[in-house]
Amino acid sequence: MHSQILFDHGRAARIGLPEAVFCQGKSFAAICELLERFGPKSDHSVLFTRLTEDVFAKVPKALTEGYDYDALSRTAFVAPLAPKKTERVAIVSAGTADAFVAHETARTLAYLGIACQLFEDCGVAGLWRLTEKLEAINACGCVVVVAGLDAALASVLGGLTSKPIFAVPTSVGYGMACEGQTALASMLVSCAPGVAVLNIDNGYGAACAAARVVLQLAAKTQ
Amino acid sequence: MHSQILFDHGRAARIGLPEAVFCQGKSFAAICELLERFGPKSDHSVLFTRLTEDVFAKVPKALTEGYDYDALSRTAFVAPLAPKKTERVAIVSAGTADAFVAHETARTLAYLGIACQLFEDCGVAGLWRLTEKLEAINACGCVVVVAGLDAALASVLGGLTSKPIFAVPTSVGYGMACEGQTALASMLVSCAPGVAVLNIDNGYGAACAAARVVLQLAAKTQ
Amino acid sequence: MHSQILFDHGRAARIGLPEAVFCQGKSFAAICELLERFGPKSDHSVLFTRLTEDVFAKVPKALTEGYDYDALSRTAFVAPLAPKKTERVAIVSAGTADAFVAHETARTLAYLGIACQLFEDCGVAGLWRLTEKLEAINACGCVVVVAGLDAALASVLGGLTSKPIFAVPTSVGYGMACEGQTALASMLVSCAPGVAVLNIDNGYGAACAAARVVLQLAAKTQ
Amino acid sequence: MHSQILFDHGRAARIGLPEAVFCQGKSFAAICELLERFGPKSDHSVLFTRLTEDVFAKVPKALTEGYDYDALSRTAFVAPLAPKKTERVAIVSAGTADAFVAHETARTLAYLGIACQLFEDCGVAGLWRLTEKLEAINACGCVVVVAGLDAALASVLGGLTSKPIFAVPTSVGYGMACEGQTALASMLVSCAPGVAVLNIDNGYGAACAAARVVLQLAAKTQ
Amino acid sequence: MHSQILFDHGRAARIGLPEAVFCQGKSFAAICELLERFGPKSDHSVLFTRLTEDVFAKVPKALTEGYDYDALSRTAFVAPLAPKKTERVAIVSAGTADAFVAHETARTLAYLGIACQLFEDCGVAGLWRLTEKLEAINACGCVVVVAGLDAALASVLGGLTSKPIFAVPTSVGYGMACEGQTALASMLVSCAPGVAVLNIDNGYGAACAAARVVLQLAAKTQ
Amino acid sequence: MHSQILFDHGRAARIGLPEAVFCQGKSFAAICELLERFGPKSDHSVLFTRLTEDVFAKVPKALTEGYDYDALSRTAFVAPLAPKKTERVAIVSAGTADAFVAHETARTLAYLGIACQLFEDCGVAGLWRLTEKLEAINACGCVVVVAGLDAALASVLGGLTSKPIFAVPTSVGYGMACEGQTALASMLVSCAPGVAVLNIDNGYGAACAAARVVLQLAAKTQ
Amino acid sequence: MHSQILFDHGRAARIGLPEAVFCQGKSFAAICELLERFGPKSDHSVLFTRLTEDVFAKVPKALTEGYDYDALSRTAFVAPLAPKKTERVAIVSAGTADAFVAHETARTLAYLGIACQLFEDCGVAGLWRLTEKLEAINACGCVVVVAGLDAALASVLGGLTSKPIFAVPTSVGYGMACEGQTALASMLVSCAPGVAVLNIDNGYGAACAAARVVLQLAAKTQ
Amino acid sequence: MHSQILFDHGRAARIGLPEAVFCQGKSFAAICELLERFGPKSDHSVLFTRLTEDVFAKVPKALTEGYDYDALSRTAFVAPLAPKKTERVAIVSAGTADAFVAHETARTLAYLGIACQLFEDCGVAGLWRLTEKLEAINACGCVVVVAGLDAALASVLGGLTSKPIFAVPTSVGYGMACEGQTALASMLVSCAPGVAVLNIDNGYGAACAAARVVLQLAAKTQ
């Protein structure tokens, strides 16, 4: 692959969200080239997602210097974008194993300059864990719910909040969890109205969907 | 098909539950033969399931006389078996569309001589509908939960009761409800421990599973 | 089914959207009971969805009098709710066969008192049909995209608008269209960031998701 | 992940079964934190499941001291709960390869203080292996059947016992065994009435389901 | 379709089995043309399969005269082929609903001039029904087993006979029976060795497979 | 796992085929125990299948001494059973990548004392490779066809031979080969009549099915 | 639906193929509107596909006058486009039941003004039917192969012709034919190189693909 | 495996494309044998595909000498075939992660002696990347489009070119990308007419399909 990878620098102007680098499936050489291109000396701060600890450790130190890397969310960037005056995004997750997705959402929002608040371990097998936090969740401008297995949290929370709500199924579980397909289908047929769904484990996409909402809200209130 | 259908009359002695006639898939001639064989003059009272209103209406009146038929549950029998001194079975369903399954469970228990109590419209999009009835549900000896779509009711209820609990997914819904397969998978990966699952729409099977439990309870307490 | 169906009248207060009646899968008797209960004399105006022309025609005239029924979207209600001062919702559909879903979204919004604008026949096999209307679409506060088959419209539009965008796959097509599952999966893995997805043919859900957004926007700007 | 994982200590009071730690999918750091929190000095004895030999071997010895670990079932706990005066649970498995699931059930019951009896290698390709043990199986209060492949054992045993019966499909096999989905589906459509099913390889869940039954029996007989 | 349908008259010489007419999916005109072509005056007696009662009733009487038609098996032919001196084929089926497939096998063998013996209602939920007939089954030269649902009969019988054994899954059942796919997969992963499987409901194919065996046996013994 | 694994030594008497040891999924300890139990000093010569080179290399030499091991077919046994006076079995495979399955069939037959002949690389993309060998194939008493991908070889060969024919799909290929499920489905719906099918990669099962046929033939001709 | 359906009249100029009307899924009103718009008085001759006999019969005669309708292929148009000087397209189908698809291809080509030649009943269970016609097939400029079930014809023909070859799977068959998905997957993994595949039953698409080739050929040779 | 692998040397004469060696699934020994057989001293230059860097590095240097190996496309050959006087093939890909497939197509064409031009990073989330290159693409004789995820590029490009167009789905992505099955299905139901599809990741097959077209074009124009 001799030619330089074509980057869509106009995307932020067009849709309010800059192009990110999705590392999974890219060759190691391509990842290195892009880490170098968008390093501390670049005019563009770019978000790298699905950049595993293993891969990041193998990149020459000269290229990773200046990057803020987070292993749990598998994300890296040099600096966040300018902070936006928006409402906070609530990120509500069901269990400890869902953390890698919830934190991908949190880090993407941090990179975009949007505030968020994490509510973890709210699975419905112990309803009190959710109801205790309901008021704080409803004080945010938009809700992201992250859950695997039966994803019942999405339905229960969807029936308790009037905010725009985005649901991310996770690939947590075994057997009939089917790598997250059961959680995905459950969220899509949720009995709570207006719950919109992202791809399995797509914490990045949920952050983008929430950003579209709170940025729009911010634009209106200025 | 010239020969008489072989009936397993020893089943009640062996497993405590008599053989029933599952009508779906049987030829009309076979259904008529069996309705006649187990009519009011027979020594055996047999339960007919999946006997739709359309089919039942076409059977000669001479053969259906004496049968107690219920269209919603699609069941028929001449007389219930002797009443058993067991605890009641709670049947909890999520929505109005799940009624055909919940009532198949109720009618099967009625035929077996076991008491039950129906709690309908308890879907979790309005949690108050479930929590209001929780005490009455927990007063029963065994719980059957009937739900389609995301089947979140099974997880929520499984986290609120200590009783043996059997979950029946229903084929209610469209699109990714996948004829009940999503509800089934959701129940199987429920985050509440010890929820055991029956086939889609299998209200009859849930009644049998619950009967195994309450009959065993009754045997112990005598 | 002897008891009256339990209705969740508190839902509008809780989540800003009143409970609707999903007719598919309900018995004819249950539909009639509900049409009667929420007729012109009722305090509540309720939306009926998935009410097919065949079924509606069979309901006694006394019960349907006063209802505004639309056959294409399969919806009925007595009167819309009070109009809301929100931005318009853009509904963009790919082909003529997607109309039944696009119109379910439009009618649900009409019932909720929210303005919308329909852009039909914008499939990407003729890109000019979409680009011509892009400015008008971007003048709305939220976008719903309705498409079947390869659902490429969702990806293309997602790369051209900064607004919150909800995608509804339709069951249009044959063979590998798989009753809408291909369109659904395509939308979920869209290369455009932040496209959130509803269940197959769920025009009602998309209207609710869009309503959550524009109502929130309206609340902020007051 | 800075905050401590929220544990549902009220679960035992609510449903009779304490929360367990499902290790698969949790980060190594989270597993270590929990092993330390619930070690010999803790007031709570907690069950760890899906804790593989590889992972357990990497945990610092200081944290694992005092734990009773079993590699085949992949379980660990410091001490069993107080023994319960219940009937024994029969665990019947089809083949040697099903042992990891059968033993997960046995260890979970041991932790809960409930007696059980294992009947291994009872696959129906040699019916004598099952019939020889039938009397001993029927002397128990509840039956768990563990089988992969065609799972024919569940149907055959379901036709030979009147006890509550829970079936666990295993992921044993290749090709059309489909990681246990064939066994699962076979059990769900079993021709024996009242066989209730757990998720693939869910030995823990079967133990919980059986515990709900025998604890209920014990409560009644006291 | 102007041209005459090409018939493979050389097939009997090549593989010992003449070509048959599979009616499902053929246009009514094509079926009529073939019934006429292979009627009583033809040199060839041809087997028609999947010829439903509805379709057969609509064919002009002039064309069906001379045909031996059987509604349960949906087969027709003018005359059987010359009888073969082979061993009998045993056809063992699980339930009454499997009869349409078992009889398709029986009628195909009758047409081919091969003797067979039917053993119906042998499902394993009542093992005595099978064991009673085992000696008679083992006296045949080849076994065809027909079963739906969990298809446990194939595994149990495969462990009790040394004869070549062909298994036909049926589309009987609902929910996770998945139109016979569960029975098919169960048979393919049967724990009994050497059970070979045909397509769902393919009673005709099982007859052909059995015919290949017994004709080969007959050829050797002459 | 304290108790000794139960072995079905009566199987050979019952169905003509002794029980084999399927190593995949068994613990290393269980494999070692069985290799020791059935080593050169045992009365029973047992076939081990799915015994990979990696695993076999790790077994202590003392236990593997005396075993005839073949890496390609992943089989081991101490000595073949007494040779049987049967016709040869033809094993016809499509491509080089199918060899591991074709050789599992060949080795199983060798262990059973039954002669066979291998015809490899006969895929239909070059029809001459098959037609050249047709006479030799038809001189055998039974045919096993091994193919992956589209499995067209099964249909073509099924139309060219009158012998009993067993088809084994292989997991060869990528993408829509779906780990052999496409080959399996193709074989099941083959347009050639009487082709019976085994599980994906089940070379052992095909050998057993063929053995049932040729042993039956041998019994008749004595 | 008040607005007129948007038609892409520029498509022929852009890609050489005019837009067609796919009737399946369109409302009856929409079909009538389009039949009227593109009737004998229109400047545009448009192809209607998936226009079933039932629907066509219900359209008012005034609207269908002047249309050339073919029931088997379910197509209608007023007049073919100007004839093109291209090579012929060969259409090769496996069985009589595939005719509705093969004829859809033939009629679409006829409408486009491109010559074609039909070769029906060439299934590989009787190889002579294909080899007899091979020379005539290879005299065409492009090959379309239409087959259901195992679709072995595509692989065999792909190994015998050097021409561009397009394969159309059909939904013919039952059970594991899976509505054409098995034929589709078989064609995609064909062992013959360069076989390109269309959607199930998509005779129209195959005609378009073939037209792209022969029109390109014609353009080059002028 | 004692015998030499049968190679189809007549294939080039028969279909214009020589047999290639697909390395995936072949044993290491078989790959070495074939690399040796078709090395620099052979009369035949053969293409090796799916030859990963790992495997190639392990082959003894003596056998790989003289081979032109490319790691990204995983291909090797000694020398290209004689150059053909054909039009160029355009290869258009959506993203950087699709490069391994696009380059497999390019290298196969290079081996066949056919010119091609690569257009990478043309995904539709930034439409300008595609439209900028449209003229150059349309100057080629045939188009191969390579895309994963939603594969919207195939539909958009199919609506913008009149050339024969072959689409290759890639296994890029996660969750509902389903290893390329979503891209495959999207391409098959593309709303652009005449887009023909190859197996997932089958860059080699697309090259062969394109070669059939441009070689045919070349033959006509000579």
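Miscellaneous remarks
Going by the order they are written in, the chains are A, B, C, D, E, F, G and H; count residues from 1 in each one.
To be clear about the criterion, a residue touches a chain if its C-beta (ideal position, glycine included) is under 8 Å from a C-beta of that chain, and two chains touch if they have at least 3 such contacts.
The structure presented is a predicted model; accordingly, all values stated were derived computationally and were not measured.
Graph distance from subunit A to subunit E, where chains that touch are one step apart, equals 2.
With every chain reduced to the mean of its CA atoms, the largest distance from subunit A is reached by E.
Counting every residue number used by either copy at the subunit D-subunit E contact, over half are found in both chains. Between the CA-based centres of subunit C and subunit G the separation comes to 35 Å, rounded to the whole angstrom. With each centre defined as the average position of its C-alpha atoms, the distance from subunit B to subunit F rounds to 45 Å.
Annotation for subunit C: residues 11, 125-126, 158-160, 173, 175-177, 181, 184, 188-189, 192-193, 199, 202 touch two or more other chains. Pairs of chains that satisfy the touch definition comprise A-B, A-C, A-D, A-H, B-C, B-D, B-E, C-G, C-H, D-E, D-F, E-F, E-G, F-G, F-H, G-H. Of all residues in subunit H, only 94-95, 123-127, 149-152, 154-156, 158-160, 173, 175-178, 181-182, 184-193 touch subunit C in the complex they form.
Of all residues in subunit C, those touching subunit A in their complex are 11, 14-17, 20, 141-142, 158-166, 184, 188-189, 192-199, 202, 204-205, 207-213, 215-217, 220-221. Looking at the complex, you find that subunit C touches subunit G at residues 72, 96-97, 99, 103, 120-121, 125-126, 128-129, 172-177.
Here subunit B touches subunit E in the complex through residues 1, 3, 5-6, 8, 10-11, 19, 22, 24-27, 30, 171, 179-181, 184, 199-202, going by the rule given at the top.
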